[in-house]
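Chain IDs A, B and C follow the sequence of writing; residue 1 opens each chain.
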Amino acid sequence: MKKILATLLVLVTAISLCACGSRDGDKDKITLTMWCIATKSDSNRASYEAAIKDMEKKYPDIKLDWSATENEAYKTKIKTAVSGNSMPDIFFTWSCAFLGDFVKADKVYCLDNAYKKFANDLDEKMCKNTTYDGKKYGVPLTMNIVGLFANMDILKEVGYNDVPGTYDELIACCDKLVAAGKIPFGCAGKETWCVTEYLESIIEKSCGAKTLDDIFVNGATWDNADVTKAVNIFQEMITKKYFDPNGVALSNDEIKGNFIAGQYAFYMNGTWNCADFAKAGINVKVAEFPVIDSSKSKLGQLIGGPSDTLAVAKSSKNAEKAAEYTFELGKLICKYGYLDGCGLPAWKVDYDESKVNALTQSVAKIVAASDYMVLFGDTAMPSDEAQKYLEFVAKVYTSEVNGKQFTDGLKAAIR
Amino acid sequence: MRVMTNRKNDWISIILFLLPALILFIGILVAPLIASGYFSFFEWKGFGDKTYIGLQNYKDLFDGTEVPFLLSAKNALLLALFSLIIQLPLSLGLALLLGKGVKGERFFLSVNFLPVLISSVVIGTLWKKIYYPTGGLLNSVLRALGILKKGQADILWLAESAINPQTGKRYSYILGAVFVPMIWQYVGYHMLLMYAGVKSVPPELREAAKIDGATDGQINRHIVLPSMKQIIKVCVIFSVTGSFKAYDLIAILATYKTRQAAVPSILLLDQTINWGKYGRGSAVAVLLIIMCFLAAIIISEVFKDREKV
Amino acid sequence: MGRKEASMDLSQYQVGKSSKTVRVFIWIFMVVWACINLYPLYWMLTFSLKDNLQIWTTNKFGLPDPWVWGNYKEALDSGPIFKYFFNSILVALFTIALTLIAALMATYAISRIQWRFSKTVERIFMLGITIPIQASVVPVFVVLNKLEMLDSYQALVIPYAAFALAMAILICSGFMTEIPISLDEAAYIDGCGRAGVFFKVILPLMKPAMATASIYTFLQCWNELMFAQTFNTADKYMTLPVGIMQLTGTHTTNWGAVGAALSIATIPMVIIYVLLSRRIQDSFIAGAIKG
């Protein structure tokens, strides 16, 4: 037994020595560290890899040491690192509230100086979600909006060759689908963000983008008659059996699978799905949700916008270099991401985009024609408000609260 | 002999023997515990400015408007109760059967332990399929047995709240639905622990009792079980504290946003990460640790009394 | 306590002389229970050979159709999965070693030496099994960061051992109190010191406890994800569960490949366990005879 103990002790020491001895690197090169969520099978992985490869040529003096963590775990990890003061030089973040918390805690390097060089390629508007007190803190990557995906094979069966363009047509189409024994919509109740994709679009097209944006980020009250009405419209769609009744017990993977398998006519979700649908070879078209109240809203008002962001830590020893590097890197990730169909470009396009899949291209057209984008509510709002909001949204989908209770409840819980 | 076992220089050997454990314990477990206790009095995101708010975090937990802490504590207690009355007796029965020697003892021992070896991701995904509303295993079985009749709607096992379209009544089976796999997965875990206890009963003792004409039942009651008291105590403590700390299968099957099936660990993580309320999450942690510790002490006391009787 | 009664009733039936029907009934129960426990393994293997559409919608339970062998290729291509495997094994072995050393020594001090605060100290150690891992991520991170130990094997071994410690002490003391104190006293008479008793008398009799505690320590760290992905980011030290999480994307995940990676991670464990369980059982029996 003593021998075993001794051997173990020697091994432990040996291992710790190995671990210590392996920390060295090129002396002329600057090493920058980066954390992101592009895990090895993430749809954005290829664009990160391609972009980083290009960057190696462009900045031979900089070595990028990067690692990716799964989405949910990443939130824990980056918050832990901020808390423990050991942030990487460059880190992935979501815009608005998530990055805002770090900015408020004075942990993020201001990018105003570095931006000047890239102002021609990156529209000021695209930095809106990462600008705090007039200062820029983030480099946007690709962006996404909520799209109404329609399975054209199913729509054809009830006599439609195109996605219904007006609200009345959409309702008529759903009625026909229900009568024919088809399920119009699938929505994952186990993942509340999926419900918001529907609800936010319906609210926006009822009360107008500006009003919704004010409620989300500018401190307007939730006590709004149009919001109440919109929630009731959504619930009426549920009672009219437009939604898969199993949805409240399913997760998004299951709902998305069902849509691809042809069980639903429509699926409303982020446009990051385009590449998957194109790959699955199903006959899908994408459109924006039709206008419900044309006196308040109009086509071109969308839910979505730049959220995926890279930022630079204030604690970085090479913050200035890292800032410039991050802009350049973000631009390339955006380019390759768009070409792969992972999302839409937040940066100006100065390359051939004809090879992008047709679905993503039609989303690009919708975005080009848009004039107001309201960011996803749970990203836009401060984190505690967002959680309260999500709880009410979940209850809307299970019909535990109606429109009035929704707006009253949120008025009491938030403002 | 007392003289030998109470020598004066014993303090040195006591400290030396305790040292490795103490270093690990204080550095990794106690320090964070103290930190959690301290942070639970602050409004804090985990970084940036802290504001001292006294007992407000605890008040938030107990008034329950934002955080269903009391419900989560109740759920954890329920899970512990079910573990005690279903999981452990089952494990004990299996351990006694296997320990005595059943045909294929080794095979059963290995197979029953499998669910513990398999990642919770797999177990969770499998149970998602079992609970799948239309065409899922459970509903299909219920249909085949005639419990779910032809015109009746599928049962939405994992819904937070669902309405039965026939009766218009609301129901929610999610809590029970997540408990079943959680209790099942660890039967093998306790079985193996208890099996070790059964096997450490000297076979001569068994033989001697048999020669005296004892039945296997009597042997189990008078020889095997009494000698397993310590192991059973360990199992009860694991089972109860494990129930209080339950996390992964709930996160997979019911998600963080669950309301009906909330448990303290889920709230803890949801508060610190999603809500950005590190202080409140720490308060959950403190209460959870107190719960577990009290349970462990109560269990020890129960077993101590029984030892004396 | 209903718990005990119920189990005793069950145990009465397994009497060797009991009626044949009861024995058949028990046998059938054992076989059914075994099938229930085997099913996840079968299901994991089929799951690893399906695509998303089959997994989620069209073919939830049946054999794969078509068989998607590409999942294994994707899982293997996703990263140095064998390196992760090796890391996991290494972390597990060192955790077990550290836990056992610390736990056996502490248990000896608590349960074999008579002193005033031994019960109190044991209770304080018991606090360890009550601490949820979720509550400790940030504070432990801060501690490891201060010690400059992030991104290394120690970053996992030390916290894992600390968390497994209380459980190991519980298991060990459960076994150690069963060892008759007269054995120690005989050894003292023979002129042994504390260390002599510990190494020559106690340790040889603790084999079943060590086997049991090793299994439980192993289980605790083998599938652990939260610490692993927060404390170790470098590819070099990444453990298997973190490596597997690399296969889940933000919006799109090929679950079949995740299943394949999980199978690659699980199957060797099952084989090792089956092989080891033989030896573990032998050690149980050996311990029993000597005790």
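In this text, a contact is a pair of C-beta atoms (placed from the backbone, for glycine too) under 8 Å apart; a residue touches a chain by one contact, two chains touch by 3 or more.
All of these numbers come straight from a predicted model, not from anything done at the bench.
Remark: among chain pairs B-C and A-B, B-C carries the greater number of C-beta contacts.
Across the assembly, the mean Cα position most removed from that of chain C is the one of A.
One simple way to say how far apart two chains are is to compare their mean CA positions; for chain A and chain B this gives 36 Å. With centres set at the average Cα position, the gap from chain B to chain C is 15 Å.
For chain A, the set of residues that touch two or more other chains comprises 76, 80, 83, 254. In chain C, 55, 98, 101, 138, 142, 255 are the positions where the chain touches two or more neighbouring chains simultaneously. Residues of chain B found to touch two or more other chains are 46, 132, 269, 272, 278. Contacts from chain A toward chain B in the complex involve residues 75-76, 79-80, 82-83, 101-102, 104-107, 189-192, 245-246, 248-251, 254, 382-384, 387-388, 390-391, 394-395, 398-400, 413. Contact residues of chain B toward chain C in the complex are 1, 4-6, 10-11, 13-14, 17-22, 24-25, 27-29, 31-33, 35-36, 46, 84-85, 88-89, 92-94, 96-97, 100, 102-104, 106-123, 125-126, 129, 132, 135-137, 184, 188-189, 192-193, 195-197, 199-203, 215-217, 220-221, 225, 227, 230-231, 233-234, 237-238, 241, 244-245, 247, 264-265, 268-269, 272, 278, 281-282, 284-285, 288-289, 291-293, 295-297, 300.
Those residues of chain A that touch chain C in the complex are listed here as 1-2, 5, 8, 11-12, 15-16, 19, 22, 35, 37, 39-45, 67-71, 73, 76-77, 80-81, 83-86, 253-254, 256-258, 260-261, 263, 270, 272-273, 275-276, 280. Those residues of chain B whose C-beta lies close enough to touch chain A in the complex are 45-49, 66, 128, 131-134, 153-154, 156-163, 165, 254-255, 257, 259, 269-270, 272-278. Against chain B, in their complex, chain C makes its touches with residues 2-4, 6-8, 10-12, 14-18, 26-27, 30, 33-34, 36-41, 43-44, 47, 55, 60-61, 98, 101-103, 105-106, 108-110, 113-115, 121, 123-136, 138-140, 142-143, 158-159, 161-163, 165-167, 169-171, 173-175, 177-178, 184-185, 188-189, 194-195, 198, 208-209, 211-212, 215-216, 219, 223, 241, 244, 255, 258-259, 262, 265-266, 269-270, 273-274, 277-278, 281, 284-285, 287-289, 291.
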